[in-house]
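Got a structure for you, questions after.
Labels A, B, C and D are assigned to the chains in the order they are written; within every chain, residues are numbered from 1.
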């Protein structure tokens, strides 16, 4: 059974659609990567899942089930009960995502306290342990410090500690390493996968970096223009991408076996803004395989490896 | 830290000195109070005699120097209208002013802060617009008008509160509200914008992701972070309160410094005016200093030296 | 990733009413001679304190008459002129003086900064009522002297805002660049600094506008406002408060006018501060 | 001298001595705090309302305005410059010490000592010497014949020599000790002064155990206090304010004509009012009756002289003003350019702005070009006292000398020596000087009659009306307002 099941999700700002018919599921213990350029709707999908859409954004269609319970529409349960306990999230900017005036230990302990899982003393104890687990030296002393006294990498470790302290069943990681130094990125990613494995936590990893996907994910969902264009096991996507967009994304990874001084590949054109989304396949403004058929919306077809394209790169 | 305080003290002294000098000379531009003191039948000789008694016949610069000499010795002088030492007059007014300013601040805080927070949390909802309307309405009436209306309604018609005067807590209610209403809007607005600012910050979202609900979010995360603009506005508001008190104190016959200011300016009671202005200047300066110290308590990141 | 998108589309039409109201009041002020049915200063001692709708010798006093038998409606319309122009002029003047001082202090730094900002502190410490009485005593009373009083008391506020903004803008690269290329002080201030600090200053100005209307009323209450018989809403209200129980109409209409004027200015200022950014 | 008092809105009899005493504290709302309780240091209403209850004077005026005995039981003029007073021998100060002739002499010497700096110096500096003949006899000597001596002595309070000398002037002011019907209790600076009844008083004390005088600057607030029942007596009403009390059963409005004469002062050295024709036009433009009846309506009486029936020196045969705007227009149109010279009407917030505005309108209606200039009181006083060329063209005043003698108004406003006067007329000076020093009432009366006529014929100033005073009072308070605006607690009573 799926842990998180998103069906036909649509998110709009007023009458402007931003996410349009996303269907996605994550099984327990699985690491799923949600890939796409900025503006593709991947963060919105994640935020809808945890119920933290910004003011003015609304889920207009679809269904979200977590652990079997529905969180949208009639008979929906309160996400607040689940948030921070079974479902946790970490964000892009570790420094600003921490309350600047609260000691980090208290922030790590907070989810245990608000869900009534532990007393303040127990939670503080647990927070120090957790800080130790995420590799923060001298955790007892550090717990008393404010975020401003820590480096960005350390802050992200604190965020991870705060997210994982309640042993959630699903962790949503929204580009957790973009703001960090390259050297730290690997450590953080290793930490996430290690901890997830230890506790059996599923991870929804949101990223635009195909390298990270290759390294961590079990499965991949590629988003473009608010829709999922391709999804499947990580090997299948990397070895035989079907959607032209996925193909192009893969070509953006710099490779050592390429001749030196060759220009890096860039996807031609820009991501159109939601106001200017084309009818039909939304990639049709940038696609080199476009035909007349592409003015219609392609369905997401396939079994394990699904694609929404009339002219896929390789047939199933 | 010590250097900072010394620097502040030096600034305060120069400001106070400047204020005193300016007030001393511009006051005397307006003529002296001899005509007010003498009865209508007084002759020109009476005028000259009175001017001599009060020392107004001396050259201005001489008067100024002797005034400075007194100030250095902490001698505030004597009121020639009230025939009493200025220090004594001030001492009787200060507690009254503190009560009124305190009452007004309580009104402004107790109503303004929650309303501001509600407006921020309910942004875009109808309740927020109604609150904003109410808050702005509070600030859209001159105090001499809202004051007399309150007196008529609660003092004369309903007889719930004494129309004017001092003495009991009941006396304090209406003047505090009249004065507090003006600042209330400022507080509500500042709180709203501070809370809105904070609400947009990443740490709020991550706290929510941790499962923190609104009450705790406001109590544990928002309040302290939003406090800084509120505190700095309070420092500014204190001098505003003294200024606004002029009319409120007149309407409610509240014997504070505001009324004293008007009366002593109107009667050219130079020594009292100088003392009141000096006091006001120091209050403003200390309010700002206190605000800086409060920042550093609330926000440990602010190191006093760097906040300058 | 969150888009900044227009919100409140439903209330868009509602949002305009403060501006419409303000425009209407300004129109009333500008076209007072055309709109006012009677001479606002024309007294009639036999027709004092008459109720709204009172008719005498074929003339209807729609909003009643005041303590000297003058037509309240006409005084209200002419009063808008005074109240609005006092506020506009004093906001303009104090804004110009304050912004100039604040920019210079924030840009030149050093001794100028110390000197100018001390001056700001000094002026903030002098009670407005003292400045008012002194101005009237030295220059005599009158419309422009009310503006001068308000300017003298309010410019330090603009100076503070402009100073703070200039400090932060002054550190930005384009300013440094312009300085490096030998831009003169007035040029740098005018071309580079001013456009970048004007937003918050405008927010302050709209909020101050409402305050100026009230301050003028306060000066009238203390007998230091515009000279009688000239009507201003503040003066009408401060006279009318003595008649709350016997002739409610004297104070009610100017009070309502004052209220709507200040309210709409505040609402506009509020909207502006939402869009431009924070202002005190 | 006729003393006619119209007590309009209240019919008040003298204090009923037999009324059962039901003591209730009295609260009086004044417009300001007394600036001094030392009776020799300050002469303004807010001060003397209070301190005249603490102190006794040599003489006083009864409710009809006659000078009657207080500490002095009898007095006799033994020469043109010498008067002998016989004192009561049963008067004690609040501290128990007896009041003797020494105290009277001390009080006179104190107030006439230029070093002391009493603002009332000018009222008493004609007293050259004071001596105690024995314990109950005092002899005062004046510089020359001084007819107004008795009228002035009404305002001289007797202070205890032993206390003043022991504690000094400042401490005496803070805690005054007198011999009057009420004792000083407390002075909450800026708030109120409380007095308590002096049980040992030699005369009538009035029914109050205690009385509190509060400072309430805003007239609307004083009115509200009265209506709410937190004040029993309030000062400083006008008829429009009094109208607010109409129909309310538990409050009443009391009124009496005062010795204040309202007048329009003209600058005789500057156009347009340096022209006698235009001054005449101004007098014709002013609807005195319209102002007293239509606007004021508290019992003010139109006057065409700088005196009222409350003054010695009032002349009944002075022609009243003629209200003739058409005639005024005619005169003005003949001198249109001169009349249109911009003229400033100086005034201060304490004056009734309704009258000022009404006057301006009436004058501008016939072709003058007058603008109002409101400044605060000291500025106004400096303007109207300044040299003619800097002075305003017009000013409105309500003059009182608190002596009920024409000398107190005419001399300062009309004699060329006076700082307030803008008139320079030798004949007038002679008349005023004669009246000032003559002890013969008839000579004085004639001189004033002549002086009033000169002023009337030359339009030197435009007297307008005898002002009235209005008090708001709780309806069970019996109080007879007097022309000299005093507020004697021992002449008040509670009615059933």
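Observations on the model:
Rule of thumb we're sticking to: a residue touches a chain if its C-beta (ideal position, glycine included) is under 8 Å from a C-beta of that chain, and two chains touch if they have at least 3 such contacts.
Predicted model only: the values in this text are computed from it and were never measured.
Between the interfaces C-D and B-D, more contacting C-beta pairs are found at B-D. Centrality annotation: B (chain centre taken as mean Cα position, compared with the mean over all protein Cα atoms).
Taking the mean Cα position of each chain as its centre, A sits at the greatest distance from chain B. Chain C and chain D have Cα centroids separated by 43 Å. One finds 39 Å separating the Cα centroids of chain B and chain D. Inter-chain centre distance (chain A to chain C, centres taken as mean C-alpha positions): 52 Å. The set of chain C residues that touch two or more partner chains comprises 7, 133, 137, 222, 241, 244-245. Multi-chain contact residues of chain D (touching two or more other chains) are listed as 220, 376, 378-379. Each of residues 55-56 in chain A touches at least two other chains.
On the chain D side of its complex with chain C, the touching residues are 219-220, 240-241, 243-244, 287, 290-291, 294-295, 348-349, 353-354, 356-358, 360-361, 371-376, 378-379. Across the interface of their complex, chain D is touched by residues 30-33, 35-44, 46-47, 49-50, 53-54, 81-85, 88-89, 92-93, 96, 148, 151-152, 155-156, 159, 162-166, 250-253, 255-256, 259-260, 263, 265-268 of chain B. By the touch rule above, chain D contacts chain B in their complex via residues 32-33, 35-36, 38, 41-43, 114-115, 117, 119-123, 169-170, 173-174, 188-191, 214-218, 220-221, 224-225, 227-230, 376-379, 381-382, 385, 399-403, 408, 411-412, 417-420. Residue ranges on chain B touching chain C, taken from their complex, read 11, 14-16, 18-19, 22-23, 26-27, 29-31, 124, 129, 132-133, 136-137, 139-145, 148-149, 152, 185, 189-190, 193, 197, 229, 233, 236, 239, 242-243, 246-247, 261-262, 265-266, 273, 276-277, 280-281, 284-285.
Put simply, chain A touches chain B in their complex at residues 50, 52, 55-56, 80-85, 88-91, 93, 96-102, 107, 110-111, 114-115, 146, 148, 159, 162-163.
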